[in-house]
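Chain naming follows the written order as A, B, C and D, and within any one chain the residues start at number 1.
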Amino acid sequence: MADLKVKIGSLVLKNPVMVASGTFGYGEEYSPYIDLNILGAIITKGISLHPIDGNPPPRIWETPSGMLNSIGLQNVGAKAFIKEKLSYLKSFDTKIIVNIFGTTVKEYAKVAERLFATQGVDAIELNISCPNVKKGGMIFGIDPKSTKKVVSAVRKVCGLPLIAKLSPNVTDITEFARIAEGEGADAISLINTLLGLAVDVETRKPRLATITGGLSGPAIKPIALRMIWQVAKAVKVPIIGMGGICSTEDALEFILAGATAIAVGTANFFNPNTASEIIKGINSYMTEKGIGDIKELIGGMYA
Amino acid sequence: MADLKVKIGSLVLKNPVMVASGTFGYGEEYSPYIDLNILGAIITKGISLHPIDGNPPPRIWETPSGMLNSIGLQNVGAKAFIKEKLSYLKSFDTKIIVNIFGTTVKEYAKVAERLFATQGVDAIELNISCPNVKKGGMIFGIDPKSTKKVVSAVRKVCGLPLIAKLSPNVTDITEFARIAEGEGADAISLINTLLGLAVDVETRKPRLATITGGLSGPAIKPIALRMIWQVAKAVKVPIIGMGGICSTEDALEFILAGATAIAVGTANFFNPNTASEIIKGINSYMTEKGIGDIKELIGGMYA
Amino acid sequence: MDSKQFISTIKTHTEVSPDYFLLSMELPSEVKRPKPGQFFMIKVGRNNDPLLRRPLSIHRLISADTVQILYRVRGKGTRVLSKRVLGERLDILGPLGKGFEIPSQINEAILVAGGVGIAPLFPLAEELKRAGKSIKLFIGGKNREDILCEDDFRSLGLEIYISTEDGSYGKGGLVTDILEDYIQTPDSRLQTQMYACGPKLMLKVVSEIARFYSLPCYVSLEERMACGIGACLGCAVKTRVQSSELRVKGKNSRLRTPDSRLYRLVCKDGPVFNAEEIDWDG
Amino acid sequence: MDSKQFISTIKTHTEVSPDYFLLSMELPSEVKRPKPGQFFMIKVGRNNDPLLRRPLSIHRLISADTVQILYRVRGKGTRVLSKRVLGERLDILGPLGKGFEIPSQINEAILVAGGVGIAPLFPLAEELKRAGKSIKLFIGGKNREDILCEDDFRSLGLEIYISTEDGSYGKGGLVTDILEDYIQTPDSRLQTQMYACGPKLMLKVVSEIARFYSLPCYVSLEERMACGIGACLGCAVKTRVQSSELRVKGKNSRLRTPDSRLYRLVCKDGPVFNAEEIDWDG
């Protein structure tokens, strides 16, 4: 067996394969289909201080090799998450990364603080890139000053490994990665969804009640890969790559482009076994090529 | 027959269906497959003052519902274009929009001037958004100041309808649209390709010799539609919409989101008849819905 | 959760009416027998386009190891499915969702189907029959070709009322009209449970009728789904009861308890809901 | 241009060796009879994934209205094609490209095939035969299963030399080794034209051999294609002759005439090129 261990800040993962926030619920939904113990980490659905209803339906539309969503960060809130969801998740042999979100810098800091005080949270992923909420989310991720503020505020109150999740809806992703690194983020996650639109030509209405939504899935993979490659050259902290990963080959592309770990997102919906297939697949690839340690592959693209 | 006429600046098109620059050669390549006379306009492959070799191969890679290209604006140069290509195109009953490009503001102005002095050019599309050349292209389209300079310089020397073609690789597309409008562009084309990457995990090399390339095709349609919708609210000049259009439904989505005309790009490669199908399809849709004039549909999304 | 991901081989696949297909497929023994109203998430194609699975109801368990799906070609996904042939293998998740319940106290069931909404009502009728309930079935469609499975239901021996919008079969008009005509006859109202499946607009009217005549009514809803298992939160439907409760408690919806949810999930909390729960304008 | 977009029905489709498929399909009468070395752009699937057509060579005209394609499953596109069944219809552009030329002065043709590179050489052999030329065929592959069509070529009565890398069939080693062994025999060099199709590395070595022994050589190249008709400029291949000419004329490549192109298009200027034209390291 090849050595698949990677480090995200001080956090050691037994393998670099995670599941992305919002695409794996709180883990339990997928437990009938995949053994949660095999995963490098589970990144949970974005959590805010208080419960959020989310956006009105329709919230989903399929596009060519992709999907638009406008869930709007519906979640049970920090309290219920800790009580009900986290206690379930803790029973598995995997790391728990909690994706958090607020409408103000203060709220971000509060929920981070709260989770830092909680047993069983292994790292925090800071979602400053959700395009589906009016306040907060992406607003923080497409303005350098806000990015700086929120990362810095959370860093101050939270001793856990801190991952900043960036928005791809920007001209220069490296600018934001550098800021996050500068403010003390231990890692960078990218990419979140791209802002998109679809129209029903029969009703003349947008396909989503919120008009626009976030585009994810294989369609965005080339954009995600490009951004990972750019960011890998710009920062020293590890990158968690995501955006359309469906197969071992996809995962390896991300790692070769510079990702230390990867997360399976939309693919969970149509193939709950994706992460498991990828873990096996990376192992076979490495065995076949005689590569002993996954670190030899990270950023290993010849360019 | 419904009235499909639309205006781009002073230019009247018999229908809003064009073919996008770089995806239809100089027209002649497609003449065995589609009657060029039915098209609203043909936008020719980007032309520079002098011939350009383009980038080394491989230049193309297919991605899920999309493709990456790094042609690098290979073209025969203004002189040969006018002598050989334009004279052929002029024989058809369609409008000819010439897509131009330079490595400096001066070069942009020179080629625009040259074409303005040439019989048979109906409009100029200013490509400030090609991601596949080191100098020029996208550099001009992702920096507000450069956009301003180049549109203004070309506007001064060129009395033809002027269309600015914007890059989607920016945080706020409306900023660039407003600048182009402010400098006198008669219309806005969007979107050009999104910067992407793909990696061959067997050879560890990027799939394209230039490492990154431009992503086009159905995969990017939701992003294109979103940008058209945003720009339609921000400017008064007409928009030419493109990005993954393959069918009548796709074309209608763009028009409802705010495009006055649309261009078929990558779809030409796999279905040379796309533009023809769309012209017929828009007609049937309008007849079915009892819509007499296409202008009733432009920006007609209920949002 | 008793749902599984499994591979099933297509046994028969026929177009039973223009654009309506009946598909029989293997139900491996390790998969739980589905209940009426439950559904499968089916990967219709082999590639990334279409990307997501499509939800389709269980139509009939024709033997211990064979299950049927009845579907209508609506868009890309169902079109791709309709091209899959005998012997091909489908990747499926299921059975999923909460099915129809049969309250023990009822003695009459009124089933209302619009178009392909008939699909999940057949196994329900079978179960109601087994439970000894009297069953009335109302089927509506645009035209004759939308009226499906009539013979199958007849062989169960239930009363059938049919309407078509163009009058080409049964009574002319909407199914909700013939339904209301029936319900107005007084003695039919006692110990009755209504069940409806069809287009949202029809379900809304059926719900109003049920409410007006104070009849309990289950509706099977549709919403766009990505995961089918409660993970993506994509298939939200607005609930009425919750939402009014909340408004009383306080305007700041963000201070509510997790239980008082404004939205429910069609895939997990449904697809069958009590009609009263649904905010039909939401 | 005599190329057309047309629909063709699959007549037979069989796996002739592991991962190698032979597909016969209708050639409508309005479509021009293809020449050896020409190709079709075939839409392999029905949806957006795979998106682009795939270039495949004409392998055999088995009757006036039937043409064959011989292909190897390499990735997604060819895999999807391999699932298409009898009676299904394919959307095709073609015939495309410049085929093989047969110089009238030659009396011997040496054909070199690597793997599925054999595909376009069969119709070429037929035409050479008709023109009365003597033909030697060299086929190479990784193993026995890569050696295709041997019997078909035998029935044309030509001399065949086979090599496999693992030695499981014919001579062990590379096809370029057995080729060079043959060419070294002096009397074989006169009035000979070489033709080669296969992996780029093989073509490069064949070209070097041809150059060393001063034999004219045609190679059929592959490059990723989007349009297949010269519109996208995607299938560029670097040329040698042009590029050296240019360096003499002036360093600024942008001042060159359009004729002195550094790149040629495989789809339009090829796929068959004179081996001398190609910059094998470009």
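Keep this in mind: a residue touches a chain if its C-beta (ideal position, glycine included) is under 8 Å from a C-beta of that chain, and two chains touch if they have at least 3 such contacts.
This is a predicted model, so every value here is computed, not measured.
Listing every chain that touches chain C and chain D alike gives A, B. Each chain's centre was taken as the mean of its CA atoms, and the one lying most distant from chain D is C. With each centre defined as the average position of its C-alpha atoms, the distance from chain A to chain B rounds to 34 Å. Averaged C-alpha coordinates give centres for chain A and chain D that are 46 Å from one another.
Our note on geometry: chain B versus chain D, Cα centroid distance of 35 Å, whole angstroms. In chain A, 64-66, 217-218 are the positions where the chain touches two or more neighbouring chains simultaneously.
Annotation for chain D: residues 48-50 touch two or more other chains. Taken as a graph of touching chains, this assembly is fully connected, with contact between every pair of chains. Within the complex formed with chain D, the residues of chain C that make contact are 45-50, 76, 80, 83, 85.
Of all the residues in chain A, the ones that touch chain B in their complex are 63-66, 68, 142, 169-171, 194-199, 201, 203-206, 211-212, 215, 217-223, 225-226, 229, 244, 249, 252-253, 256-257, 285, 300-303. Residues 48-49 of chain C touch chain B in their complex.
Chain B meets chain D in the complex at residues 22-25, 29-33, 45, 50-62, 64-67, 69, 71, 74, 76-77, 80, 84, 217-218, 246, 266, 268-273.
For chain A in complex with chain D, the touching residues are 64-65, 218.
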